[in-house]
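Two complexes, one shared chain (chain A), two partners (chain B, chain C).
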Partner chain A sequence: MLLQPILISILAGAFILVAPKKIRKIVEGFSLATSIYLFLACIRIFIKSPINGGFLYVDGLSRFIVLGIGFFGALVTLYSLRFMASYTQFRSYYANIIWTIGLSMLAASSNNMIVLLTAWGFLGLTLYMLINVAGPNAANTSKKTFIIIGGSDSLMIMGFALVWLITGDLNLSNIKIVIDNSLSFWAFLLIAIGAFAKAGAMPFHTWIPDTAKEAPVPVTAFLPASLDKLLGIYLLARLVMNVFILNSSTQALLMAIGAITIVAAVMMALVQHDFKRLLGYHAVSQVGYMVLGLGTGNPIGIAGGLFHMLNNALYKTSLFLSGGNVQYKTKTSDLDSLGGLGKVMPISFFSALIAALAISGVPPLNGFFSKWMVYQGVIEKGKSGGVLWIFCLVAAMFGSGLTLASFIKFIHAIFLGKAKGERRAASDERRNEVSLSMWLPPLILAVLCIVFGIFASLIPLKYLIVPALADNLDFIGSWPSAKAALFLLIGLGVGLLVYLAGNFKGVRETDPYIGGEEVEEKMRLSGTEFYGTIKELPFIRAFYKKAEKKLFDIYEIAKKFIFVFIRIFQYLHNGVLPTYLVWCLLGIIVFLFVLVR
Partner chain B sequence: MMQNPLPLFIAIPLASAFLNSLLGKRIKGFSDVLSSIATLALAAISIYSVFLIKDVGSIVYKVGGWMPPIGIAMVMDSLTVFMLVTINVVAFLISVYSINYMEKYTEKGIFYSLFLLMIAGMNGVIISGDMFNLYVFLEIAAISSYALVAFGTEQEELEASFKYAVMGSLASSFILLGIVFLYSYTSTLNMADMAMTLLTNGPSRIVLLASVLFLMGFGLKSALVPFHAWLPDAHPSAPAPISAMLSGVLIKSLGVYAMVRIFFSVLGATPEILSILMVIGSLSIVIGACLALGQWDFKRLLAYSSINQIGYVILGISLGTPLGILGGLFHLLNHSVFKSLLFLNSGAVEYSTGTRDLQKMGGLREKMPVTALTSLVGSMSIAGVPPFNGFWSKLIIIVACVQSGHFVHASWAVLASIITLAYFLKVQKHAFFGELKEGLSNVKEAPFFMKFSMIVLAIICLAGGLLMLPAVSGDFLKAARDVVLAGQDYITVVFGAIK
Partner chain C sequence: MMKHLFNFIVFPGFLFTAAVGLVASWIDRKVTARVQWRVGPPWYQPLIDLVKLSIKEITVPRGAIKPVFFLAPLVGLSGVILASTFIWLPNIDLGATGFRGDIIVVLYLLTLPAIALILGASSSGNPLASVGLSREIKLVLAYELPFIIALTIPIIKSSGLLKLTDLVAYQTINGAFVSSISGVLAIIVAIFCMQAKLGLVPFDMGEAETEIMGGVLIEYSGMLLGIFKLTKTMMLVALPVFLSTVFWGGFSIWKYVVLLVIIVLMRNTNPRVRIDQAVRFFWGKMTAIAIIAAFLATLGM
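Here is the complex of A and B:
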């Protein structure tokens, strides 16, 4: 039952790849049908779990990951039908999307380390191909992405090899390793690097903003925003909860990585001019909360991390897809040239607004609830002493504030404010929303954000998160989300009443008065200037400068480092025959010395 | 004859080379057909031998009916068959590829004669059960490869061929010297007999000296650091099918196979020799990978990559553990498939665009879809991306390193595999993805036979992982591994098969 949908996805993908180019409509319909079939299969697996099928094993943790994979897969395929209509490489696109869904299911449900590695590695290749669908410009980004992802896969091989050396067992469910020596620590770290690179935690995050900028929007929404988070955090959760027993220093390392990721990425997000890059940095920043939650090691923190992963997938995908709608309509993703689209595209605006509030942690939406759980996890961890938790807590809260700040910029620059020039405003008083297959997916996700927030304990936690944990949840501070939401609504309602009852109706809207002068283009507040001052703060300025030069990019650092060696080796290979003969002589002398002596 | 196909492996290519030089010029298309049929026959017989060996066990052929150790012996055990399959299947596909590719050279007939002679030499090295014959066949293969490297007769090719010939003869003379020392010590040239004498006589410094000579000689033939310097000149200079042949199978049969056979089956692999091999294997992995990353010439990049990948093979085998040897041999097989494929791809690109410089290519994916897709498969295989064959062999090698506690070597292997991925993505980015460069808008896809070979090799890359399945690997891969593991049991196998 587990293997069947995976095999079907592989065959369907192969079929799409070799299908003739002329039957585009059929290929698209077939892809949608396959993705819906896979979603139904995922639901079935979810209901039937736990399933133990030898290599494959679905338990409480992996079952909701599998469900999420199927859900996002179907949604993104639906969205792609229209969005990808102008791309020529559609066969490669749909084949890789379908493969990605199937192999992600395999990765999430595999119990055998080799099966996991295989699925995991192949996902890197599909991601590479999917980025390349965007065309020639994406070649650089796809290369960088695949080197980081594929490289981390190689490290994972080493990590799993160490696990195998320690336990002699290939089945994850049989393994329980206490981290008490350097060998087990390295095993954990090397596998965790794979998870970090996939999910995008620092310092392996640098592919995400680039990919977000270059790849087609559905690809970004599907992989870095939702699926890679699900898989990466799933693997980390698997390691933290089942495979390894972490000692306190490993937990501290995870928490520190989480905290740094939150703050550093959100600082970068603040100053972006391209909304796809901005969302890309948030996709990194949110991983910090998940890693932080998992790093606490207590049930509430882990549950918070997992719930945050799920929530993030919801609102981040919604944001990317709404952004994609904007890009589809306006052909740009530059914040500077957008504005005032709220009236033109009301549904996309609504979805984006809800999702933006959710990611910023505004109650009663889902993002608030999971962050609240992560905070509690950190505080709980703080009971065991140390000072690190205070920094982590401050970083998490600070990051949350900055997230809100940067999303004010995002919403203002795209949907509020004024468009650059009068390009759209005059004639487009009528609604000019994108078609159903494009506004529906983000709207569904936005509604889920609300539902998961208000009924957090009733639905997602009860059915998805708690079954994944071994222990029961103990909340330190309870947040009765439904009641709170009710009060919030009442509050809003009262406010509305006051607004309606008061004399505010007669408010007149007018252009700003500037002494009789015409409002000029340069007086427009596009939103990109928001937080420009942060960049000029004395200490932080240096960091931004360096970050813009990519001095913190692990890919660039490694490249520079290796090219030093390459120069040395190239210098030695001067093409002169006697030099080469001398090497041979030296070699044989060394051999003689070692062997004959 | 089918009970003992051993002589055919030498007779068929030798006879076809002879016939070819006799008739090739008179009848149009004769060389193409003859060479393809001959190599197809060789490939078929080699695959048949896998099943033959499974039924009847190892086979010894007594040349001229003389009893070994006096007479000359040809030996076929599982390791031999494994190598024969690798060589002859690849050789067949390369021969088919040459039908179109060699059109641009004038002397196609001579090319095929040399090509078949080289195959005869390689097959001879592999089935030879006699030290001196091994040397003779090694020289046949090597000398025809010197000529083939110079085949274009441009300045660059002649220079590369000269360097190659000097260093190759250096290697050959060291090997010969080693054989002479062993002969003087054991008074026999038959490998099994020699192994037996060495066992009864016990260790000696003269054997160690011969080991050093062999390490250097075969190390040079298989292009291990620091004896690798000829390869990046020689392999790219040859015509693409020959580059594929040299990097794909020649360095393995003349270098790795001969080294493994002599050290494991005859001399006995001591821990000291294995650790030397391990170190030079790791060095080759890292240095080859770094140099490949810095290259802009497509074929030179592939040549450096061969040094890198041969390092993996040697590292795996020199671990001496069952898993390590399995990984090493599997990687040897895989490497000959995907490296041949990649060289054929580079040939197709050169055939269509006329350049080997990656900076002058770009966007060829639209123009040459088959080449682009097969080269993607080849690149992913060599970079160790699942589900292609290279992933499995690298996985085994890394796991085997970890298993035997060689963490440092394992980390070199891992880091270099990241670099491998990086330089093949560089190839993909600059040649096939990216913007279509000026002047490339009229590029056409390679002709039929070239496409055929590339597609078949790509399919083997994809299906190669199936060799991991126990049911498939048992008689082929694992059997070859067992021969290496058994070491000097070679004696009993050979003498057992004579009777």
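Here is the complex of A and C:
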């Protein structure tokens, strides 16, 4: 039952890849049908779990991951039908999407380390192929991604080898390692690096903003924004909850990584001029909350981290897809030249606004609820002493403020505000929404953001998160989400009454008032320069300068390091035949000397 | 449920807070007038101003995103009503259950008015509103950091209590947090942040009437403007009460008056600062003091 949908996905992907190019419509329809079939299979697995089938098993933790994989797979395939219509490599695209869904299901449900590693490795490959769909411009990005993911995969293999060395067992469900010596610590850390690179925690995050910029939007929405988060954090949660028993210094390490990721990534997001890169940095920053939550090691923190993973997948995918709609209509992702699209694309605007408020943690949306749980986990952890938790708490809460700031910029520059002159004339400010298959997926996700926020403890926590935990949840704080949401609505009603109590005779349209002057084109404030003041602060300016030089990019650092070695070999490989012959002769002499002696 | 509804709309939520706020803003205006050697308005002036706004015509700038423009004031008001209900409840009825907030929830709800104001300004499409909102959001960023650190001090000192009721109960047993050095430092930081949250001089650069003609509020008129003013009036109650609840052992009238006098004096004795000065002030001095306070709190001082 577990294996069947995975095998079907592999066969279907292979069929799509070899199908003739002429039957494009059939290929698209077939891909959508397959993805919907996989989603249904995921629902079935979710309902039937726990399932134990030897190498594969689905328990409380992996069952909602599998459900999420199927859900996002179907949604993104639906979205792709229109968005990818202009791409020529559609066969490779759909084949890899279908394969990714199947392989992700395999990775999430595998109990055997070898099976997990195999699925994980192939996922890196499909990601590489998917980025390459964008054409030759994306070659550098896909190479970088492949190297970071592949490199961390190899570290992960070493980590699992260490686990095997310690326990002699390959089944994850049998393993329980207490981290009390350096060997078990390294085993944990090496596997965790694999999870970090997949999810995009610092310092293995640098592939995400680049991918977000270069790859087609559905690819970014599907992999770095939703699926890779689900898988990476799933693996980390598996390690933290079942496979390892963490000691306090390992937990502190995770918490510190989480807190630094939140703040550093969001500071980078604040100054981006391209909305896809901006969203990419947020895809990194949000991982921080998840890692922080898992690092606390108490039920509320872990539940918060997992819930945040789910919420992040919802609103981040919604943001990327609505951003994709904007790009589809305007053919640009440059914040400087957009603006005023709220009128033109009301549905995309609504989805993006809800998702943006959710990611900024505005109550009563889902992002607030899961962040609130993570904070409580941190405070709970603080009861055992130390000062690190204060730093983490402040970083996480302030990071939320910075997120809000950069999404104010996002919303202002794209949907509110004013468009550039020539674009304003072209768009005519009439309603011009994208087609149903493109506005529906982000809208579904935005509605889910609202539902998951208001009914957090009734629906997602009860059915998805709590079954994954061994313990019950104890909230330190108090946030009656459903009741509060109802009262916020009543508050809107009260406001409306106050409003209507006035002398309401309808409204009159006027020109924008700027002291009697005409509004000129040069007065437009696009929003990208909102944070210039902050960028110029002494300490922060140094940070941005270093970041621009890519001093924090592990890929660039490793590249420099490796090039030093390569230069030595380059020196030897000078292409002059006599030199090579001399080397051969010297080698033979050494050989003879060793053998004869 | 009916009790909650009563709490929300009449006492201590909407009507009560609004009434107290109108009185407080009259005190503010009267004291300001006396400082400037004027007579000052009669006590009902703030209410009349509101009524006056309600009969004025509402105008919308051409090209504004209307749903956002109209909804923004209402969202801000709704947020501040819920926040003030959460803040008042532990001060009037410690035992009741079911409809409670904690520090984090209140902190987030208190940013709703600012978000609403910013989105409303952004939707108007006015360049001066854009200037105002860019200052406003930077100001939010600026005060949020020291404010968060200051708010961790009650959590540290009570070793992990978060609900407002728990904090009030803890302070009635163990003495208010301000009776320690870290508590004093924290409330000083929080008072400055409160001034910025209220958007009063010296931190009113988002509106700056003499410079950008109201900035974020420039396009708002009639009752929409009235609702924004009402929200601000209610904040003038909610914030001092919040501060006295979490730092000062719960609300009482004289504590509120003291905080109000500080607000009024600060606003009358300072010129408006530039936004970069404000950011430097909050991220520099204020954050440093807050960190020292947090450090002292971990040492139990």
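The definition used in the following text is that the second predicted complex is superposed on the first by the 546 of 597 C-alpha atoms of A that agree within 3 Å, B and C clash if a C-alpha of one lies under 4 Å from a C-alpha of the other, contacts with A are read in each partner's own complex, and residues count from 1 in each chain.
Just so we're on the same page, contacts are C-beta pairs under 8 Å (C-beta built on N, C-alpha and C of every residue); 3 or more make two chains touch, one makes a residue touch a chain.
In this text the structure is predicted, and so the values were computed from the model without any measurement.
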First, second, both or neither for A:132, with chain B first and chain C second: first
Which superposed partner A:383 touches (first chain B, second chain C, both, neither): second
Chain B versus chain C as contact partner of A:566, first or second or both or neither: first
Partner chain in contact with A:437 - chain B first, chain C second, else both or neither: neither
Partner chain(s) touched by A:142 [first = chain B, second = chain C, both, neither]: first
First (chain B), second (chain C), both or neither touched by A:531: second
Most chain A residues touched (candidates chain B, chain C): C
Which of chain B and chain C A:155 touches, first, second, both or neither: first
Intersection of the chain A residues that touch chain B with those that touch chain C: none
Residues of chain B that touch chain A when the two form their complex: 162-163, 166-167, 170, 174, 205, 208-209, 211-213, 215-216, 219-220, 226-227, 229-230, 232-233, 272-273, 276, 280, 287, 290-291, 293-294, 362-363, 380, 383-387, 391, 394-395, 398-399, 401-403, 410-411, 414-415, 417-419, 421-422, 425-426, 428-429, 433-436
Of chain C, residues touching chain A in the complex: 4-5, 8-9, 14, 53-63, 65, 68, 71, 73-75, 77-79, 81-82, 85, 98-105, 107-109, 111-112, 115, 118-119, 122-128, 130-131, 133-134, 137-138, 140-141, 144-145, 148-149, 152, 155-156, 159-163, 213, 218-219, 222-224, 226-227, 230, 275-276, 279-280, 283, 294-295, 298
Interface residues, chain A side, partner chain C - complex: 340, 342-343, 349, 353, 357, 361-363, 368, 372, 375-376, 379-380, 382-383, 387, 390, 393-394, 397-398, 401-402, 404-405, 408-409, 411-412, 415-418, 429, 476-480, 483-484, 487-492, 494-496, 498-499, 501-515, 519, 523-525, 527, 529-531, 533-534, 536-537
List of chain A residues in touch with chain B within their complex: 114, 117-119, 121-122, 124-125, 128, 132, 136, 138-140, 142-143, 146-147, 150-151, 153-155, 157-158, 161-162, 164-165, 562-563, 565-567, 569-570, 573, 575, 577, 579-581, 583-584, 586-588, 591-592, 594-596
